[in-house]
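Paired with chain B in one complex and with chain C in the other, chain A is shared by the two complexes that follow.
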Partner chain A sequence: MFLKNYILEIWNAVKSLLKGMKLTGYYFTHHKEIITQNYPEVKQQLPERFRGEVVLIHDENNEHACTGCTACELACPNGTIKIITKFDVSPEGKKKKALDTFVYHLELCTMCNLCIEACPTSAIKMAQNFEHSVFNRNDLTKKLNKPGSKIREGVE
Partner chain B sequence: MYRTTDILTNTPNASLSEAGYMVINVGPQHPATHGVLHLVITLSGETIINVEPHLGYIHRSIEKMCESLTYRQFIYTTSRMDYLSSHINNHCCALSVEKGLQIEIPDRAKYIRIILDELTRLASHQLWWGAMAMDIGAITPFFYAFREREMINDIMEETCGARLTMNYMVPGGVMFDLHPNFQKKVKEFIAFFKSKINEYDEILTGNIIFQNRMKGVGIISKEDAISYGCTGPTARGSGVSCDVRKLYPYEIYNRIEFDEIINNGCDSFARYEVRMQEMKQSLKIIEQLIDNIPEGDFQAKTKTVLKLPKGEFYTRVETARGEFGVYIVSEGGTTPYRIKFRSPGFSNLSALNHMAKGNKIGDLVAIMGSIDLVIPDIDR
Partner chain C sequence: MLSLETITNNINNWLNNHVSSTWATIIEMLIVGLLVIGLFAMLGLILVLMERKVSAFMQIRVGPNRVGFKGSLQTLADTLKLVLKEGLTPKGADKFLFNLAPYVVMCAAMLILAPIAFAKNFQIWDINIGVLYISAISSISVIGILMAGWASNNKYSLLGAMRSGAQIVSYELSAGFSVLCIVILTGSLQISDIINAQQNGWFIFKGHIPAIISFIIFIIAVTAETNRAPFDLAEAESELTAGFHTEYSGMKFALFFLAEYVNIFVVCAIGAILFFGGWMPLHIGNWQGFNQVMDYIPSSLWFILKVFGLIFLIMWFRWTFPRLRVDQLLNLEWKYLLPLSLVNLLLMTVVAIMGWHF
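Moving on, here comes the complex of A and B:
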């Protein structure tokens, strides 16, 4: 009786191992599709909402919608964004607050999306670029508004 | 059934090494541990006499940081605690702020939240299953687990914009509406995972080596599990009924049909079984909700600057690892006066010494795997 149980135990143990090996054997012989990607050569199309970095949207006339209201700066939990404003003088002699420099510290950003939610004019958005490694740390501090850009007409 | 020992057993000191015991350090950077966990183990031969976890290697003082952040901003920090159930952590924070503001969130947001919570739980359990098998020495299950987890990550990426630290739950609802592909992709995932979950049992659960490593190892009785404050699958594997979703339902959990999985095995294998069954329950919950998401707003109207009234607010949810709680003390301002997080990992880790005592050193990693430790959650 003891011997019978002993042999039965060994038989069941071997059977359980073979069952697992059968599964791995199946996948070894049935490699239907390649699930890995040849990353640097073939780049995956990332979804639209993917949070890679914050960018200021510029149109073809090099105009943006940022009024310099600093809502994004206040919404940011890490001090990633710093808005430097200036005063534009209109032809009539009226002073108007406008964006001078949109400083973005990528090294501090956690991609929480709170600045984009806070922006009243939808001037900024998240871009899909995810390859952020640079050789110099200072390169991570970016100026988002392009040189010579100005605010779009009609945006308040 | 099993012996119940007093928590206040003898703690080791320096004289132990003189008495013929060996004291060795495992971690903080050891391939067998998850994250930066430092264990000081006292051994007599191969038998474990005492395990003492040393924490502090990944302490970021999140609770203190939250005191200077507003009620919208502090939520993102909790994604960095238990990064495998970040959605559920964010959910708890959002619930706590909503409790203070006394706002009712739309039904659509509730449904979205629960579906994403359960998807996160599935992803977390899948990663645990793969990592636990790898702890024991089986490499292959890790790849099978990640094959399915990748599908969930893709869904998260498309809808929430991130794969791990989503920050999708905001006070008042969720950040964006669901992606148009969401329902289709979740249904595809459910169908795919249902056909694959049997493979999990085939390759690992029935395996005789795995069973011998797990059964009768890491025993903790029901009384001890309660007194150590264990929650989640760790406690339910010892027969403690502690599912917050069932006992104190939040959102719409009281309208959903699902079972609380309880196993009276008290050992590592019981905790394994609980998680395997929970995966099936999570699938059941998602299946009930995915076709019935009501139309409407995904976010309730809230003020730009949130101010909680003076008082204390506590909410708790069930994460993949156990009970997670957020305790906010407000003085009426825009930032909290004090925030305390009750993380499941910390209490579960405290029971490790009790579980590991008397076992062989080779079993320690298997026991740690069965508790499902996430170190940033323990160390905050």
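Moving on, here comes the complex of A and C:
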């Protein structure tokens, strides 16, 4: 009885080991199963909701929808965004708050999406670019509004 | 036909005609030494690359594919990196033993190469106790490992070295018994005799059931003796960082790394010699035509093919099986492999006495 169990144990062990070797052997001979992507040559289609960085949306007239309300700056948990505002003077002599510089510290950003949710005019969004490596850390502090851009008419 | 045998004979004759026989022997020894070192360097480069490629394909990855053609120069680049790195000796370490250990491990691996026949009549030293010599020398490497573990003055290193010692001492028994099975069939310990006895069929076919069992035991035992997964307790990276070579860096680490791969080559070469006929071509009974076709393939190629087949098998084990615990490791040896190999030895003796082999 003992001997029978002993031999049965060895038999089962060998069988399960061979089962494992069969699987790895299958993978070794079937290269089409490889799941690695050849990254720089073949780029993956990223999902739409992928969060790579925050961008300020500009249309073709170089206009954006940011009113300079600093809601995103307040929403940001780690001080990634700094909004610098100025006062535009309208022809009637009325002063109006407007965006001067949208400073975005990419090195601090955790891609939490809170600023996008806080924005009342949907001026900012998450972009798909994820290749952010630079040689100088200062390059990661970005100015999001393009030079010469202004607020779109009718956005309050 | 050009073969390694004619080349060595020509060199020997030329040297003996031009210088006295003493100098000829000395020069030949130097040539052999250089060849062995060259072989080691080549083996290190090829086997590391092979391991990385095999492991990658078994894990559904690609593996190194950037440096050179399909990553063929990857190991060369790695070696260059290791050569340029600083070889640190920790402050609390026993400096003499610490620096000596990698060379002891390396020398042990080198010494085993002596009786191995790489091709027909191409052997460094054909001693009449070849198999005994191999099993004796292969235990020296454990001294190097213990030395490294003790001299590092590091608990991980010491634990790794102790485990390695326990492991090699236990598995040497079953490895020795499975080798003895073949010695029973041949009646000789000389490597060339063992290979010549396999002229009309390799021992794994001639010895049928007991030979196959002893081959399985042999391959398990040598995997454990070379400290490779699933028996890599001595350098279990998840528990002991890197085991006995935790404190080593640069070229000294590279020597341990190289010794591991050379040991794999050596044990696979021994396995090929004992069970698969060394450089003997595949001969099937009375099929004259088939046998002659097989004879046209050079003997060195046969040897290399068999050895690399066995190395692939051992790599296959490594990338399939999970690591054993210490108690499981010792259970496997003392409760399963040792009794089985003793029974198998008895079976082989009966087979040999009754002449039930082919």
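Quick note on the criterion: the second predicted complex is superposed on the first by the 150 of 156 C-alpha atoms of A that agree within 3 Å, B and C clash if a C-alpha of one lies under 4 Å from a C-alpha of the other, contacts with A are read in each partner's own complex, and residues count from 1 in each chain.
Here, a contact is a pair of C-beta atoms (placed from the backbone, for glycine too) under 8 Å apart; a residue touches a chain by one contact, two chains touch by 3 or more.
No experiment lies behind these values; they were computed from the predicted model shown.
Novice: Who touches more of chain A, chain B or chain C?
Specialist: B
Novice: So, does A:T24 touch the first partner chain B, the second partner chain C, both, or neither?
Specialist: both
Novice: Could you look at A:T110 and tell me whether it touches chain B, chain C, both or neither (first, second, both, neither)?
Specialist: first
Novice: State whether A:T36 touches chain B only (first), chain C only (second), both chains, or neither.
Specialist: second
Novice: Pick one for A:R49: touches chain B only (first), chain C only (second), both, or neither.
Specialist: first
Novice: Of the partners chain B and chain C, which touch A:V134 in the superposed model: first, second, both, neither?
Specialist: A:V134 sits against neither chain B nor chain C.
Novice: Once the shared chain is lined up, is A:I84 touching chain B (first), chain C (second), both, or neither of them?
Specialist: A:I84: touches no partner chain.
Novice: Shared contact residues on chain A, chain B side and chain C side combined as an intersection?
Specialist: Touching chain B in the first complex and chain C in the second, residues 17, 20, 23-24, 35 of chain A appear in both lists.
Novice: Going by the contact rule at the top, pick out the chain A residues touching chain C in the complex.
Specialist: For this pair, the touching residues of chain A are 10, 17, 20-21, 23-25, 27-28, 31, 33-36, 38.
Novice: Which of the residues in chain C end up touching chain A in this complex?
Specialist: 54, 57-62, 316-317, 319-321, 336, 340
Novice: Considering the complex alone, what residue numbers of chain A touch chain B?
Specialist: Going by the criterion above, the answer is residues 12-13, 16-17, 19-20, 23-24, 35, 46-47, 49-51, 75-77, 110-114, 117-118, 126.
Novice: Sort out for me which residues of chain B touch chain A in the complex.
Specialist: 69, 72-74, 76-77, 140, 147, 150, 157-162, 165, 167, 170, 175-176, 179, 199, 202-204, 206-209, 304
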